[in-house]
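Both complexes shown next keep chain A, but they swap its partner, so chain B is in the first and chain C is in the second.
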Partner chain A sequence: MTDIKITEVALRDGSHAIRHQYTVDQVRSIAKALNEARVPYIEVSHGDGLGGSTLQYGLSKTNELELVEAAVDAVDFSKIAVLLIPGIGTIEDLKEAEKLGAKMARIATHVTEADVSAQHIQTAKELGMETVGFLMMSHMAPTEKLVEQAKLMESYGADIVYVVDSAGALLPHEVRARIKALKHELSCDIGFHGHNNLSLAMGNSLAAIEEGANRIDGSIRCLGAGAGNTQTEALIAVLDRMGITTGIDLYKMMDIAEEIVAPILPKPQEITRDSLTLGYAGVYSSFLLHANRASEKFGIDSRDILIELGERKIVGGQEDMIIDVAAELASQKANV
Partner chain B sequence: MSKVKVGIIGSGNIGSDLMVKLRKSEVLELTTMMGVDATSRGMQHAKEIGLHVYDNGVDGLLDNPDAVDILFDATSARAHIHNAEVAKKLGKQMLDLTPAAIGPFIVPSVNLGQHLDAENVNLITCGGQATIPIVHAINTVAPVAYGEIVATISSESAGPGTRANIDEFTETTAKGIEEVGGAKEGKAIIILNPAEPPIMMRDTVHALIEGDVDEKAITASIKNMVETVQSYVPGYQLRTDPIYDGNQVTVFLEVEGAGHYLPKYAGNLDIMTSAAVKVAEEFAKKRLEVMAN
Partner chain C sequence: MTDIKITEVALRDGSHAIRHQYTVDQVRSIAKALNEARVPYIEVSHGDGLGGSTLQYGLSKTNELELVEAAVDAVDFSKIAVLLIPGIGTIEDLKEAEKLGAKMARIATHVTEADVSAQHIQTAKELGMETVGFLMMSHMAPTEKLVEQAKLMESYGADIVYVVDSAGALLPHEVRARIKALKHELSCDIGFHGHNNLSLAMGNSLAAIEEGANRIDGSIRCLGAGAGNTQTEALIAVLDRMGITTGIDLYKMMDIAEEIVAPILPKPQEITRDSLTLGYAGVYSSFLLHANRASEKFGIDSRDILIELGERKIVGGQEDMIIDVAAELASQKANV
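Now for the complex of A and B:
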């Protein structure tokens, strides 16, 4: 029995950081090693979930279903999770992933739009999958709204509802208030998914745990969008020092991070001026590399693009707005 | 000039917007509203303006079949199956605004003339009506190997039907991109944005082109198409010139609604109902011609 169940998201959230270039060999070797370290859940999908391989978000090098299959084949302890964002992926995609052996479905919507997930959550439950309702961009709604939306997901059958800080914008006291309210109002398990853009992923994860969250996401070596997520191996070490069990082998995780994951990274995952701006402006973390590219193409500081996107209350998935805003800023600049 | 009689099934956002638009038509006469909730705002309004009103849906028409010649279905894909059966039995032409996709797809700016006699035509989706003309415009210059569209609408303008069946939106739109737009492969994404005040409907088309990219010809074809769509959806416009990157072309669109039933941000509603009225008017003109001869 463990106190906290960890989901390793590097093979999904990390897909953003490597422009969706995972190969079957990489996924197989990472999943196999995570399984040996006894990580309970490993998420595998395109960064934007099943069906996310698009011009809008970036084409996958390898069909994600092949990656799911490779991960399933590599594990005998860990469960493979998939992400599905209704509006991008469909129930058909979910059924295919389940057929290949995925055991957990994480159904994600913007924090105010939970009602688009009813069919997907119900289907996941009918397929016998452990089902997560994943409320993205949780910083954009007040706690009362978050509770209302979380209750919807619980009513559709979600086993767990997550507060997802997609922009890495939440501050510890804000995480605390949200988790506390959900623990009070819902009876299902509560989870937290952080991003380290403001260097708060660990602090926020601990705040969530203190308020009763028992599901926490991490990415090994911070291999996630933006500045990455809560660094899994560090989280395990910290929780161990706190006397909280995760069942995961710390040394093995350190070795995977050092020997298998670090060599895949195009550059170390750091809090750069751009990823810091994501958290500061409250913008979806996967916008990072797209904003860098738009910045080069249009000669606009990527921070200006990200701040403008934040002001316009752009939500996850609106990557097309990055080019749109960059083009607009460039034309404004030309007219000055 | 005599008019062709039409009725609406469904008194939600789409049905209510159709009510406003149909009353302005010179060839269509709105006679009947078929809903299920007599107390709904749409049904109340229908009564006030003197329509035949039935609260047992399309079945109401069985008692009064001569009241309409053409039906608009603004319910849901599931309800459309029964509605289509009744329409067929009564010999009424059906314009399907749900994603049921029983009949052939129709986008007025692309294939309006092809299905004038069809018993059931489908209007695809709002995102399809906004983007398929562009895919088609590109495809007439150079083959589109892959067409992908992203429709972003305000949360306010997404009704419960859309929300409950979001996969139908993406799947039906993708099919329309292929069948009417001409892309070899289609993909559609829908995003709901809750910002206040509500955002205008935004649509982005990403297309991968086979062979040479003649930027000038493609841009001209797109601009030409935008003008055509504007003839029935005045608030339809390009946000910027198309952007080219290798064999990829990206087109940014915005659709401002006419503000008939929902405010102007609901371009998604407007483009759907405007397209449906345009198609019905063509159906009606054909009927009136036949009658005149």
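Now for the complex of A and C:
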């Protein structure tokens, strides 16, 4: 019995860091090694979940169901998880992944839109999958709203609800308040998924654990969107130092990070001007390119645009707002 | 009046990350830019402090007093700080640095050896410098011992005493306990210097601030020994989000990191197998090379050697113990 169950997301969130170019061989060798290190859950999907391979979200090099199949074939201990964002992926995608051997379904919605996950969570449960409700951009809702949405997911049948800090924008005291409220109001397990844009992925994960979260996401060698996720091998080392068990072999994870994962990274994960700005503004990384274009067009610092978008709580799908905001800022500047 | 006073250490601790190869031009341009961003303190020295340019600690490309002079010439707001480890640097080095315009002296000792700093702290005060007592490897002493040593430094005249997590080994609750005790027992300002080996530099810095530390070290673009320090530009962003002022211009710091500092780094700062092991074991990075050699000689995993060195609380200067420990582990292994 382990204290904390870790889901390794390098083969899903990490897909962003390599522009969705995973090959079957890479996925097989990483999944095999993670299985040997006794990682309980390994998530495999396009960075934006099943069905994410599109012009809009970035085309995958390999059909992700082939990647899921390769991962399933490579493991005999770890369970393979898939991510599904209703609207991007479909219930059919989920059924196919389950048929290939995926054992965990993570159904993700924007933090205020849990209601769109009802059918998907119910289907995952009917398929006999362990089912996660994954509340993305959790920093954008006050705790009360987050609790309400998490309760919806629990009512649909989710075994676990995650606070997902998609933009790496949450601060430790904000994580604490959210996890504490969920622990108090829900009966299911609570998880936390961090990003490192403010260099707080680890600090936030520990804050979540202190408040009762027992499911934590990590990415080996920090491979994930933005500045990457909570670095799994470091998380295992820290938890070990705290006397908290994960059941995962630390040395093996260090070796996988150094010898298998680092060599396939086009560049190391760092906190750059761009990723820091995203965390500070609290917006999705997909806004960056649009903001940079608007910045050139209107002569406004792209950071000012992103921060304004964050303040207005603009979400994915509202990219056309970016030009409006830039134009408005430019006109305010002209009037000063 | 700012809430937190930040000392930028990229031109001292960051010297480790570029093997002490700073040029006068680099130091001048970085110091000038940090001054424009209104960073209150900029530390400039060899990575191991004044006098550190030796075969043992690594030869500097440029005489560090020339670097101090270049930095002093480049600033009109920031104060230039120097680090001095008694035994490596001398009181004469300190006097020369002060003559060149250094305004802050940071006198560093191992956490249990504050008594060797008495003369140096007193001299720094007589020279009219703002004076810091810098307790390195603070994870190696229990809180009670740390308080005793910090009191010594305060009694010698230190204006500020720092908890220095040299190995990046402290966990947030350990930082909390240490800073809380110092705040309770001392009257001077309390500082925290973090390293990111366990991905906790930022989390630990926030824990220190919550317990009353008001002096925090950061390194721009994470430039420092091991896995680097608390990343300054991220720290400023986080504190700003918390409503805590530093007086430093966030955008300028982001720009310096991206445009001036990143291009001179031979490789980005990441948490690698080596730096993670150092943080987990709680030992100095200088042990790594010795441990790797002993590992080859005795066929023992260098991580096992480093962890054993950490458990035995081996410190700098005791490098000959590394062979003994490796030999012992090899003989235990043979007897199993």
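List of remarks:
In the analysis below, the second predicted complex is superposed on the first by the 288 of 336 C-alpha atoms of A that agree within 3 Å, B and C clash if a C-alpha of one lies under 4 Å from a C-alpha of the other, contacts with A are read in each partner's own complex, and residues count from 1 in each chain.
By our rule, contacts are C-beta pairs under 8 Å (C-beta built on N, C-alpha and C of every residue); 3 or more make two chains touch, one makes a residue touch a chain.
Bear in mind the structure is a predicted one, so any value in this text is a computation, not a measurement.
Judged by the touch definition given at the top, the superposed model places A:I91 against chain B, while chain C stays out of reach.
When the two complexes are overlaid on their common chain A, residue A:Q149 makes contact with neither chain B nor chain C.
Contacts of A:M242 after superposition: chain C is touched, whereas chain B is not reached. Within the superposed three-chain model, A:M202 lies in touch with chain C and out of touch with chain B [touch as defined at top]. When the two complexes are overlaid on their common chain A, residue A:I271 makes contact with chain C while staying clear of chain B. In the superposition on chain A, A:S285 contacts neither chain B nor chain C.
Per the touch definition, chain A reaches chain B in the complex via residues 54-56, 86-88, 90-92, 110, 112-113, 115-116, 118-119, 140, 312-315, 317-318, 320-321, 323-324, 327-328, 331. Of all residues in chain C, those touching chain A in their complex are 171-172, 196, 198-204, 206-207, 221-222, 230-231, 233-235, 237-238, 240-242, 250-251, 254-255, 257-258, 262, 267-273, 276-277, 279-280, 301, 303. Chain B meets chain A in the complex at residues 146, 148, 150, 152, 155, 160, 163-167, 169-171, 187, 189-195, 202, 204, 206, 208, 239-240, 243, 248, 250, 252.
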